[in-house]
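A short worksheet on the structure shown next.
The chains carry the letters A, B and C, assigned in the order they are written, with residues numbered from 1 in each.
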Amino acid sequence: MNDQGDHMTDQKPFVDIQHAQKSYGALEVLKDINLQVQKGQIVAIIGPSGSGKSTLLRAINDLDPLTGGEIWLEDKQINKNLPHRQYEKHINLVRQEIGMVFQHFNLFPHLTVRGNVTLAPKMLKGLSDADANKLAEEQLDKVGMLERIDYYPSQLSGGQKQRVAIARALAMNPKVMLFDEATSALDPELVEEVNLVMKKLAEEHMTMIIVTHEMSFAESVCDRVLFMDQGVVVEEGPPEVMFRNPKNDRTKEFLRKHLAGQHR
Amino acid sequence: MGLDFTVIPQYLDIILWGALWTILITLGAAAVSFIGGMILAVIALYAPKLVRLPFRAFAFLFMGTPLLLQLFLIYFGLVQVGIDVPAVMAGIIGLGLHFAVYNSELFQTGILAVDKGQIEAARTLGLGRMQALRKVVVPQAIRDVIPPVGNNMIALLKDSALVSVIGVSELTLSAQRAIGSTYRPFEFYVLVAVIYYIINLFMEAAQRRVERRVQASR
Amino acid sequence: MQKVFPFFLEAAWITVLLSVLTTILGLILGAVGASARLSRFALIRFLGAAYVSVFRGTPALIQLFILYFGGPQIGIQLDAFQAGVIGLGINAGAYMTETMRGAIIAIDKGQIEAARTVGLSRFQTMRYVVLPQAMRLMIRPLGVNINAMIKATALVAAISVVELTYTAQRFIGSTYKPFEMFLIAGILYMIIIYITGQAVSWLDRKARIS
């Protein structure tokens, strides 16, 4: 929490998670998590499977609602306590401001690449066909998928699918992007093309929260790294420290095992 | 008595008009069954219990009883409550509702089979529940259930013969009219069977084509 | 209202009788049809396929009319009940042919090869290896056929057999209570279908255990 002090004085956190708690019955998967992300910051969350890192990410988008605590995006509370109908309206608006990229892409198979990217802008922002097309072309160009605009998802490789999924999220002009193990379902040789797109976003100062297993990628693009285990943030800090010189034994153990695994 | 097919040409225009009506009724009822089936499926899966229950009872009753009985209910029932609709309308509604119940079962399976990640992806873009359902889930569900729904529509064609019983002048009743004046039931019913068979073949061919096209966009 | 019940019960009995007889005829024709469709001889295969295609491709009502009204012209004299059983039975047989054939061809080819390599003849392979397995597979889908067929027995109302639907129609005409009459007939149909369904499930469970 070393850099929190400086920021607190001049600006409020962009994404602010306070005392996040989540349990399924007796099983507590998130225990009092606090995380503040500044605008333009890129945060990686690492940790073993079952540590709660994906649950936390999905909670930001309210896919897995918290059972306690608050999540704020700028001056809006995401998990507000509202009557069902109003809450639905509220969350649909909030979600338009949060882009999410999934491990398994979740492209819509019945729509072309163009259809995937234009669906939400047309439906929710009322864009005309022409405007939506222009937007799709821009975003697809950015991820290098413009020539595949009229393909169906089934005609694309995994890396291409994920790039389209990123373009689909970007088309809503989100304030923050969430990546849930975006490259872990990809064949090794396809990982790099997706990483490149994410690096490009980082250069544009997109606020990003990335759940990942790619330690070297996390080290090269992230401002901060959180290590989670068993529902708590065990340690956090800048990547140089986290990867070169972690203090906590569990972090060391995890990194040692993980890096050994990666080099095999 | 023997057979004499030479009586047919004289009545061919009546019969062909009847065939046209059969096709129109089949199309109309198919549309009702499709839209109705989708609405029923969405209600069965997503509506609150209080709404779901009467619809469940309706589906239960319509799946457990013969179509002919349902046609009598709708035709005479509508008259009873003071709604005087032409027999054609009663026939289309009856056939349409009957097959809507069967289609609804298929749509429900189709909707449930769509990957959960699809809904999540749509919701994270900001689409509401109904929007996600309409734009993302239902189109995929429809694609998956085209073959069995197609079979239902072919069954619907054949069951459309039943509306003759409530006085709809389609193919079967047209034949009965011709028989009334010629006393040649065998000849005309065989003719009508051939016409149904031909329409049936066309529908099967259309179904195969649609299936192939759907396969291609997968 | 009470006065109509005895008529409905008697009509229900006719529906049961029709259903039982039609099922028996359908199963026999289905077995014959399925054997024909799987025959070694192309002509017999073709005849089997034609039977299925024609009787599934045209309305059962028309088939019934040809038999009952057209029959006398070609020397077939049947009363309405007989025509109903035979007409519906032939129709059901076409559907059951496809069900039985489907179950038989679903049996793994390896089963047949294994039986043939130990020296069983074609017939023996069918009789002792394929059919016992296929029987188990076909019980449920045949149950679906029978369920549809019970509802199809209503068609004989159109040739004036006094079964459930005919009776309901008659009382709708005389009492002007369409919904009540529909409900009485409907419940009786559902009882028949429910009992049949239970019987099929029981058979299916029994076949699975053995």
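Keep this in mind: a residue touches a chain if its C-beta (ideal position, glycine included) is under 8 Å from a C-beta of that chain, and two chains touch if they have at least 3 such contacts.
The shown structure was predicted, so the numbers you read here are calculated from the model rather than taken from an experiment.
Averaging the CA coordinates per chain and comparing them to the mean over all protein CA atoms picks out B as nearest. Among the other chains, C has the CA centre that is most remote from the centre of chain A.
The distance from the centre of chain B to the centre of chain C, each centre being the mean of the chain's C-alpha atoms, comes to 22 Å.
Chain A and chain B, compared by their mean Cα positions, are separated by 47 Å. Centre-to-centre separation between chain A and chain C, using Cα means, comes to 58 Å.
Shared contact sites, meaning residues of chain A that touch two or more other chains, are absent. Residues of chain B touching chain C in their complex: 1-3, 61, 64-70, 72-73, 76-77, 80, 158-162, 164-165, 172, 179, 184-187, 189-190, 192-193, 196-197, 200-201.
In the complex of the two chains, the chain B residues touching chain A come out as 115, 117-118, 120-129, 131, 135-136, 139-140, 143, 217-218.
Those residues of chain A whose C-beta lies close enough to touch chain B in the complex are 61, 63, 88-89, 92-96, 98-100, 102, 104, 106-111, 119-120, 123-124, 152, 154, 165, 168-169, 172. Residues of chain C touching chain B in their complex: 54, 57-63, 65-66, 69-74, 151-155, 157-158, 164-165, 168-169, 172-173, 176-179, 182, 185-186, 189-190, 193.
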